[in-house]
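Shared chain: chain A. Partners: chain B in the first complex, chain C in the second.
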Partner chain A sequence: MDYALEVEGLSKTYRKRKGFKVRETPALENVSLRVRPGEFVGLLGPNGAGKTTLLKILCTLLLPDGGSARLNGFDVLKQSEEVRRSIGWLHGETGGRALYWRLTARDNLRFYAYLQDVPPRVARERIDTLLDFFGLRGDADRQVLKFSTGMKVKLMLARALLHNPPVLLMDEPTVGLDVRMARETRDLLRSLSAELQKTILFTSHNLTEVEKLCPRVAILHRGRLIADDTTPNLAARLKTREIVEVKAMDAWRPAEVHRLQRLPSVKSVEADGENTLALEVDEAPQAILELAQALGTMGVRVQHIAQREPRLEDVFLHLTGEPTTATKPPTPETAPRETPE
Partner chain B sequence: MSLAESLSRWSPPGQTRIPFPSKLGAFVGRGFKIWWSYKLWVALDLLGTISFVLVYWFLSTIVSPERIRAAGYGESFFSFALVGIAYYQFLWASVQSLSRAIRDEQWMGTMETLLSGATSFPTVLLGESLYRFIEAAVFLVAALLVGAALGPLGLILTPATVLSALVLSLFLVTSHVAIGLFSAAMVLRIKEGDPVVWAFNWFNNLLSGVLYPIALLPPALAWVAQALPLTYALDGIRRVLLRGETLAGPAIQGDLAFLLLWTSLMLPLGLLAFRQSLRSVKRRGELGTY
Partner chain C sequence: MSAEAPVIALLRRPLPGGSRPTESKTLAVTLLRLKIFLSYRYFFVVELMSIVSLAAVYYFVGFQVRPEALEEAGYGRSYIGFALVGVAASHFLYTCISRIGHIMTHELMTGTFEAVMSTPVKHREYVVGQALVGFVMSGYLMAGVLLAGVLLLGAPLVATPGSIGTAIVFVLLLMASHLGIGIFAAGILMVHKKGDPITFILDTLTQLFAGVLFPLSLLKGYPLLEGFSRVLPFTYVLEGLRKSLLTGATLAEPGVARAAGVLVLATVILIPLGMLSFHRGFDKVRRLGLTGSY
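Take a look at the complex of A and B:
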């Protein structure tokens, strides 16, 4: 088997009837993607890009309109049971709704072990190992409804690993986890890929996390696969463009951002962390001079201004033209109202 | 030992298989644990069984038994009504089991997780309804026991009649599997509001002889009653339990023949409707939505 995941020309359009009209929403358009066994691929895209649609087709929960998909060598349409046996799926479902809240953590895992054909004697040992790793041993016999969001995510992760599947479909696995657990989960996924050759398809809105974790990134935008390459190669696409980062002492006001956008050397402006803007410019040295002058005129207290290498986030913004929730520029409605001195 | 090291020692998926009955057992165990976790629900279920028997016992004290005797179903209205109602409750719970299970999984958000496992969809469906079927059967027996505690029911219980009643109960449920499938197909697509179960409840309550013999119905309605499988199932079960007839009797064989014919005609249609509905929600991406 050359590929653990082989998607060829996959298409999906949602159709909703409203009276006599049928509204069509294309979710995937001719998407092709090949992933080798053991590869760790980040799947990125703005909301509504088609990520969840793709994952649900791979889980055999959704039927495509066209194209084909094979997972671990099995066809998702013709060999759906073998496909489901091969995957560990973590929902993008927030709040751990995909668990039986009235059952204990152990009962949830035990029931799922039956569904995945893990015999009770084997399941008992695996459940203890997983509960230990995720720090849930002490809460194993408590009802899930008493769990925090983070604990529910850990339990869902444990469930995804219980049958030791070769392919992991991880839809935002670190959302809701505390910093330490998120790091340990990332380390676990990294070692599962590197040491055990697990194939991982990973979605996250945290681009820094994807950049650190995934050697390869595929970007979906409006149902189309617009990029699929290694992270350095993707960043190299922006080599012709230069990024200047400006960090202010106070929050940016919308009027200030608009004024920077109008400067001749500035192509675009995006929020890039706390009080920080990333500006795409033609020539960084020239732009920095122009920016320093403009910022002085506006009375903005600057903490730091410098050129930096393009990052995955810049590539993402450049290709999709849409900020992620973490990188939306301030708007008059959302921007803080502090006034610079 | 790290988790990755532990995982490296675990066998890959597909090397072992859980036997089919054990999987069904897992669903039954899960259903019972969830039911048991709602203490008030448990109490109301138990009280409900006692209270509905009490209502029909009270009714029997004021209804003349002559008409029951004339219809050939023994001497007591209470026995007649209790058998009818207890079996109807049993059937009602069984018919709804599949659609209720689907609705519960949709509400809890567990539907997609359940169907992303290695267990086939037919096994999941059977497992889902089995717990509720067992629960309904337990309450059927409990209702008959509570009824017996209130006074002599006059049930004729010999090995032959018990066996006959079990066979008829099995035919009763299988003849209604199609209705359950139609109902589940509806719930998959339209989520809330199930016209199949509504119609089933309305027609059967009125026409199937649950509370009164169908001989008392006007001729046109009696003709419609003859087309409902519950009419035949209740007729057979009452003949067995209240008159001591067995499977060897021609009337019981006639009832069984109708139920068999109904099942063989309706079951393929029910399966087809469910398959179409499942395909449709999988196309629309609405499998787990509520």
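Take a look at the complex of A and C:
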């Protein structure tokens, strides 16, 4: 088996009948992706890009219209039972919907261990160790309905690992986790990939996290795979462009952003954190001069202006090319900053 | 660093042995559902109250059918006994045909359906597992109704080893022959989610035409209705249960044995049909992307 994941020309359009009309929502168009055993791939894309759709097809919960997909050597359509044995799936965004809320954490894990054919003795040991790792040992015998969102996500993570599957389909696993737990989960995923050669497909809107974690990144945009490369290669794509970061004392006004956009040396403007804009420019030194002048005439009080290395986030915004979001408050794409690891 | 070392070390260890036999997965589903039931603390109180009120209602409507009509049909002379068996069994019937669908719809809404279906559980394990809980709960209710009828209302039931054994056989046949219908309804319900036409229609028809509250001999003058009652499996369940519990008949009696045979036939035909409907429903929701619809 050369590939742990082999997706070939996959397409999916959601169809919903409304009276006599059928409403169609294209979600995936001709997506192909090959992942070797042990690879750790970040799957990125704006909201509605088709990430969850792809992962659901891979875990046999959604039937595609066209194309094929093999997981761990098994066809997702014809060998769904083998595929289900091979995957650990998690949909973090649902906030614990995979769990029976009226039951305890331990009962939930025990049940899913049964369904995954884990022998009871092994299951007991794994449940204890996983509950320990996720800091849930003390809550093991409490009903899940009394858990916080993050605790439920941790429990879903434990559920995905119980049967030690070779492929992990992690749909926003860190959503809702606090900073420490998010980091520990990342460390765990990293070791699962490095030491146990698990194949991991990982989605997140936190690009800083993806950049740190995934050696390879695939970007979906409106159902198409628009990039698939190593993370350094992707960042290098922007090497012809440079990034200048401008942080103001106050919030940016639309008119100000608009004027910056029209400067000859500025290619694009994106919001990048609190009162901060990231500008794509041809040559940073010259652009900084031009900017300083323009900002002076506009009367913007600048706190900080400097060139910085292009980040995955810049590449992402460049490739998915949405109109500027500079004047909106930070969107999920502008990931919350964390201390470096 | 390595706070995760224990997890990695644990998962590095190879698994002993192979796969668990499927029956225990069915049982796992049953136990899970039972635990959820019992997590509702007032469950037993509510169920007990419904037993008593059911028995009371049928005590008061118990004087509409002439004893002669019952005797002619071969069910003894006591209407309260006749109605009691009918009502107890029809509650059980309702459970058989609605249970799987209702629990499944609930699981679709809460999201656990999707999670369960992403594991290697077979459809039959899932549906039978859910149905078994219903059988256990309704069995308890049915026994309660019969007991309350005998003790409070003085319904003259025949309790010999033969009659009770035969009655138990018919309860089992009731489950088996209606399991397929329940699975079938669940397959339809999976796609449409709201409303449950199959259960509603079947339950109503059965109440009316299978003779829950009157002997079918009263339908003599209406060949269409009588014919209709003859194709409902529940008609044969009632026949077997009443003959055994009201007159002490056993499977040795030709009429009773024939009813049992019809039910075995219904079981063999309806379960595969039900599974077909369930598989198709599952594929439909998998096409629509609605396995976890909120």
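Here, the second predicted complex is superposed on the first by the 319 of 341 C-alpha atoms of A that agree within 3 Å, B and C clash if a C-alpha of one lies under 4 Å from a C-alpha of the other, contacts with A are read in each partner's own complex, and residues count from 1 in each chain.
Operating definition for what follows: a residue touches a chain if its C-beta (ideal position, glycine included) is under 8 Å from a C-beta of that chain, and two chains touch if they have at least 3 such contacts.
On a predicted model such as this, the values are computed, not experimentally measured, just so you know.
Participant: Does the chain A-based superposition show chain B and chain C clashing or fitting?
Facilitator: They clash: once the shared chain is superposed, the two partners overlap in space.
Participant: Using the superposition on chain A described above, determine whether A:T60 touches chain B (first), chain C (second), both, or neither.
Facilitator: A:T60 sits against chain B and chain C alike.
Participant: Taking the superposition on A as described, I'd like to know which of chain B and chain C A:R308 touches: first, second, both or neither.
Facilitator: neither
Participant: Is A:P166 contacted by the first partner chain B, the second partner chain C, both or neither?
Facilitator: first
Participant: Across the two complexes, what residues of chain A are contacted by chain B and by chain C?
Facilitator: Residues 14-15, 53, 56, 59-63, 81-82, 84-85, 87, 89, 91, 97-103, 107, 111-112, 114-119, 122, 126, 129-130, 133, 143, 159, 161, 164, 188, 191-192, 195-196 of chain A touch both chain B and chain C.
Participant: What part of chain C is in contact with chain A in the complex they form?
Facilitator: 1-4, 6-8, 10-12, 15-20, 24-25, 28, 32, 35-36, 39-40, 110-112, 114-122, 283, 286-289, 291-292, 294
Participant: Would you mind writing out the residues of chain A in touch with chain C in their complex?
Facilitator: Listed in rising order, the residues of chain A that touch chain C are 14-16, 53, 56, 59-63, 81-82, 84-85, 87, 89, 91, 94, 97-103, 107, 111-112, 114-119, 122, 125-126, 129-130, 132-133, 143, 159, 161, 164, 184, 187-188, 191-192, 195-196.
Participant: Write out the stretch or stretches of chain B touching chain A in their complex.
Facilitator: That would be residues 2-4, 6-8, 10-14, 16-18, 22-23, 26, 29-30, 33-34, 37-38, 108-110, 112-120, 124, 279, 282-285, 287-288 of chain B.
Participant: Okay, in this complex, where on chain A does chain B touch?
Facilitator: Against chain B, chain A makes touches at 14-15, 27, 53, 56, 59-63, 65, 81-82, 84-87, 89, 91, 93, 97-103, 107, 110-112, 114-119, 122, 126, 129-130, 133, 143, 159, 161, 163-166, 188, 191-192, 195-196.
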